[in-house]
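Letters A, B, C and D name the chains as they come in the text, with residue numbers starting at 1 for each one.
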Amino acid sequence: MEIIEEDTWVCLEDNRNESKIVKVNEKKMVGWRKHKFDIGVLLHKQYNTFWKVDKTNAVVEISSDQFYDNTDLDNQIDDANIEITKTNKDLFDFNDSQKLTQEEILSLKKQKEGEEIVDEVIQNSKTFEQKTEFSKAKYLKRKKEKYICCFMVLKTTIENVHKTQFLETPQKLNFMRVDSLAFFMQLSSITQNSNILMFDNANGIAVSAVAERLDGEGSISTVFWNHTKSNLRDYWPIQQMNFSEEILKSIKLIKNLEDIEKNENKYTHLLIAGEFKFTEIFEKYLKLVAVGGIIVVFSTYLEKLHEVAEQLLSSGLCGKIDVLDSFMRYHQVLENRTHPKVEMNAFGGYLLQTYKLK
Amino acid sequence: MEIIEEDTWVCLEDNRNESKIVKVNEKKMVGWRKHKFDIGVLLHKQYNTFWKVDKTNAVVEISSDQFYDNTDLDNQIDDANIEITKTNKDLFDFNDSQKLTQEEILSLKKQKEGEEIVDEVIQNSKTFEQKTEFSKAKYLKRKKEKYICCFMVLKTTIENVHKTQFLETPQKLNFMRVDSLAFFMQLSSITQNSNILMFDNANGIAVSAVAERLDGEGSISTVFWNHTKSNLRDYWPIQQMNFSEEILKSIKLIKNLEDIEKNENKYTHLLIAGEFKFTEIFEKYLKLVAVGGIIVVFSTYLEKLHEVAEQLLSSGLCGKIDVLDSFMRYHQVLENRTHPKVEMNAFGGYLLQTYKLK
Amino acid sequence: MIQYGDTMILFEDGKPKQFLTVTQGQTYQNKYGAYHHYTFLVKPGEEILSKNGTGPIYLMTPNPHLITETVPHKTQILFMADISMIILKLCLKPGQRVIESGTGSGSLSCSLAAAVGHKGRLFTYEFNKERANNGKELFAKLKINQATCFWRDVYANGFLKGEDTENQGEFPQESSIDAIFLDLPQPWLALDHSKKMIKKGGRICCFSPCIEQVQKTALELKQQGWKNLETLECLKRHFERRVKQEQSLFDDVQKKVCTDQNKRVTYSAGINQAYGHTGYLTFAQYI
Amino acid sequence: MIQYGDTMILFEDGKPKQFLTVTQGQTYQNKYGAYHHYTFLVKPGEEILSKNGTGPIYLMTPNPHLITETVPHKTQILFMADISMIILKLCLKPGQRVIESGTGSGSLSCSLAAAVGHKGRLFTYEFNKERANNGKELFAKLKINQATCFWRDVYANGFLKGEDTENQGEFPQESSIDAIFLDLPQPWLALDHSKKMIKKGGRICCFSPCIEQVQKTALELKQQGWKNLETLECLKRHFERRVKQEQSLFDDVQKKVCTDQNKRVTYSAGINQAYGHTGYLTFAQYI
């Protein structure tokens, strides 16, 4: 069983299906969900364990049953107003009438555990008993999410590092939805001993994914937009992945653009994630890509990839140029309530891929 | 009960879920599905009736049960290789081994009815009996579609006029998928006494939809791209809709562009369906649109609507400019085999809508 | 010209905001200031300024699309994408007679009524009394005379004139309806009644959020002999313009070489937030 | 440099066409003419001309994405969109041990093997003997040494070493697997066996075309105590460049006035034909 070591980044996934990525150190205070608690408690504990923040803001271990009892991760009901009942008579009384005042609830929070508060709130709901079974379940879910703060501890992965940031500020990832990142990786087909030139202004999420796949066996020369003077460790996805020294050594942060041309061998890949002036990159660096090399560009804007396609086509150096996007949707799978999720991110970005053939 | 009159266009929908739109006249020969038959038989018959082309190429009426027995319209199995069986052992023998030669089948066609040919083909299949129930059903469906030619007769509607053309040559409709046409209508919000200026190079499908809605109570001045010298009746959707004289009178075909400016009142709508140089249209004709008027543009190319949005925005004359597209997919709903259809048209086009506010 | 008593749609900040009935002596107040209603007696769509000359607002003639964007709703309503498909695929045209249940916010009702025009008829049934009354008021306010709203449990009582004396107005006759739209939790319970009302060749559409509802509906439609079943979903997505400062990668390194300084470019960007699902539409024809 | 015995991917007309094993003395023939295999001993991706100097072809190093586009398949295969999501959401990384069933065309297998790298292991099980052999040959040809293909009915026999003597090679141990992928008609029948193999914290993905399969799988996963269930679908769409002749509306009428004569513009156009559905991916974690 693997143990959480000092200085390791871990992913906390909570009972609202939200997450936070933190570094574990002794006596390290973390603020989340209006609580402030000592995450140092997790030191030397196992991954995939469950924790609760109690009324004194102490982090205490709970069982998996206790956790899943307070969460709805497996159901993820999002059908705000979807009901299958014989009639829809009750729908109008959807809002809760709560006897407890805000002040009473606030004072409860200091005296009682989350579960007890949820009980009290339900007992003081004027409408709970009239609700349909389904409405009751949804009501309970919301109250538990509100008053109970529990989470599981997971290893960081490209997926949860991406998800955590994407939920909060997708623009920091250039709106690169998870499927676009997945496509980016598959279209890049990273193999051992690849010698990669990357341009990433998405804070390094793409570089991290590539570096993990390369596993130290090859090299990445990477240019971060407007960050040419920074240290590699300043980019949070790279930090959060707890990369080994070997992997970190394979990433070379280009601080001086002239270094790009000083590479001994030609590049096997030219990968761009995010907004640059693409045309100037290809004007200057396409010649540094080896014959048979792979070119992948991600952009939020189709027009920009169109421009690149025109440029590469007229260069006569590239094979079939693929431009694509994707549609991705999560589904709720519940008895008699199966449907695509209502909440959706409708634009994941666009990708261009081609091979250099001359 | 309404009767099919002389000179009326009707829609034939066949047992492959394909359709053809024809004009019914006495002794009118029609070629379809390698048959040539006299459609005049339908004269003075009822709509929503069912017909079969027999081995002598005569069109004979059949019952609804006979028709639906030879079709799969309600199931529309398209899951080419999707099977739920305990194992997938049988999948490899998917191709049919047929004892009958092509010549034998050809000669059968002259002697026997379609149903009889299907029986013979099945009896001479070496693999039919080994198939799973589901594979048998699919096999039968394909053979029936191939050897039996039957159809129902429907009134023409915008939907089936559009569908018939779209299946065959979508480019003639500028790739305007049915949902884009539906959106175009909804965004245009045609009401009585509208005074509409239209530019339609999609052979008049949009003009037909607008004219049907207007029902003769208002006027449409329409410019067809590159067809300025033609007669209104040359546009097949307009013909096929069997419009009354009143409706036809409400459509004014602009042959001389100067006539656009000679309109007495301002236009309540400026509607564009398909590829023109949009910017020159707005440069010249935006001023002819009344305050509060509705502007809708359909295009296959997002960039072109982007250009229009820029132009209208900088004109300062328009309210919030909406640019949208849509995702539409059909579903197969069958016991234990429910899923979105595999066949899909992934791009329906883009729409722009705004209101003139000055 | 707008008259006193007209109900218009108020545009504020370029977007539809609410219904507004122009009333003598009244004043409308927003963040830009006050607007006397007598300044509203202009042409629809004309710019109206507040007393202090700022914050242009506009009064637009209500049309089906704007009504959908403006109508107040307490529960989920049918949006533009579904409404468009319903009207096109039910093959509605002026003069036809249509049944809808339930009325809900009235958002779809107004579009159905517009599609059948003043020569057509819309009969709309709502189980919830409050919403039935809302529907009646909405039609009165917007002068949609071709629409009648009934307060009725259609599972139990169907669409024909019955014992319930609360409901006024003309009821539809058997086999007289061109199209039926059902947005009910259990549409399969209303199919028998629907079959009674529909003309030969007429069409039905059922809207359901969950696939299990679609499956039950499809099964019942087939068993009752409805034909030409089709199920589809339709989602809309919006684009916006985004202005970008196109900066050269090389500007940053050698501060002197600066190719297209301050070049501003606009791109079409998708608006990420969208509805991933509203419901499935199941169509069938009565042959 | 390409050597005799290497299996490469042949690009013809700018697209991947087939696998080609470079063999001494052989000739490749296409519509452009003949190509001696000895002219293939160049760098991967270099232009190779036929004897008569026409029809450039290219031999590319096989990579997961190209393999998917090239692999011969008799039944439906997993395509790029699903493969990408499977690999990312199973959180595969070098050194991990993965189980797959069935092997099918081997299209996904090659991507899974690439993701776990030469330090990892892929155990892939196929019910159909012919396809199991195809899988073994594919791995040998492409030198994917980290992959082992077994001919096995996993519903009945699971993933551990068993009685079946046909199967050679190292079998996986209990609780030693990081991720499992099931593309089976009834994945729920293999979940018990999967649970036995998976490490704590490990992930599973089931691919199913029909929603009823997804429902049964999800139910069984929950009953067995798998956690963090997620179901998704992912479709890809392609764009192409389209060259248009931008003609003014006014050119046609007054033949003389002609603003931007013969102006050619290229637009991005969507390719209309696309897969509307491949299958649903259901993920879960063993906690």
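Heads up, the rule we're going with is that a contact is a pair of C-beta atoms (placed from the backbone, for glycine too) under 8 Å apart; a residue touches a chain by one contact, two chains touch by 3 or more.
Since the structure is predicted, the reported quantities are computational estimates derived from the model, not experimental observations.
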Any chain in contact with subunit A as well as subunit D: B
Selected pair, greater C-beta contact count between B-D and B-C: B-C
Geometric centre distance via CA averages, subunit C-subunit B, whole Å: 25
Centre-of-Cα separation between subunit C and subunit A, whole angstrom: 36
Interchain centroid distance [CA atoms averaged], subunit A/subunit B, Å: 43
For subunit A, residues contacting two or more additional chains: 302-303, 306, 327, 329-330, 338
Subunit C: positions in contact with at least two other chains: 211, 233, 235, 237, 267-268, 280
Chain-level touch network, classified as line, ring, star, complete or other: other
All touching chain pairs, where touch follows the definition stated at the start: A-B, A-C, A-D, B-C, B-D
Subunit B-touching residues of subunit C, taken from the complex the two chains share: 11, 14-15, 43-47, 58, 60-61, 63-66, 80-81, 83-85, 87-89, 91, 93-95, 111, 114-115, 117-119, 200-201, 211, 214-215, 218-219, 222, 227-241, 266-268, 280, 282, 287
List of subunit B residues in touch with subunit C within their complex: 1, 13, 47-48, 64, 68, 73-74, 76, 152, 154-155, 157-159, 178-179, 181-183, 185-187, 189, 191-192, 212-213, 215, 290-294, 302-303, 305-306, 309-310, 313, 319-320, 322-333, 335, 338, 350, 353, 355-358
Residue ranges of subunit C in contact with subunit A within the complex: 74-76, 102, 127-128, 130-131, 153, 155, 184-186, 209-213, 233, 235, 237, 242, 244, 246-250, 252-253, 259, 267-280
Subunit A residues within the subunit C interface of the complex: 79-89, 91-92, 94, 170, 175, 199, 223, 225-226, 228, 256-257, 275-277, 280-281, 300-304, 329-330, 336-347
Residue ranges of subunit B touching subunit A (in the complex, touch as defined): 302-303, 306, 327
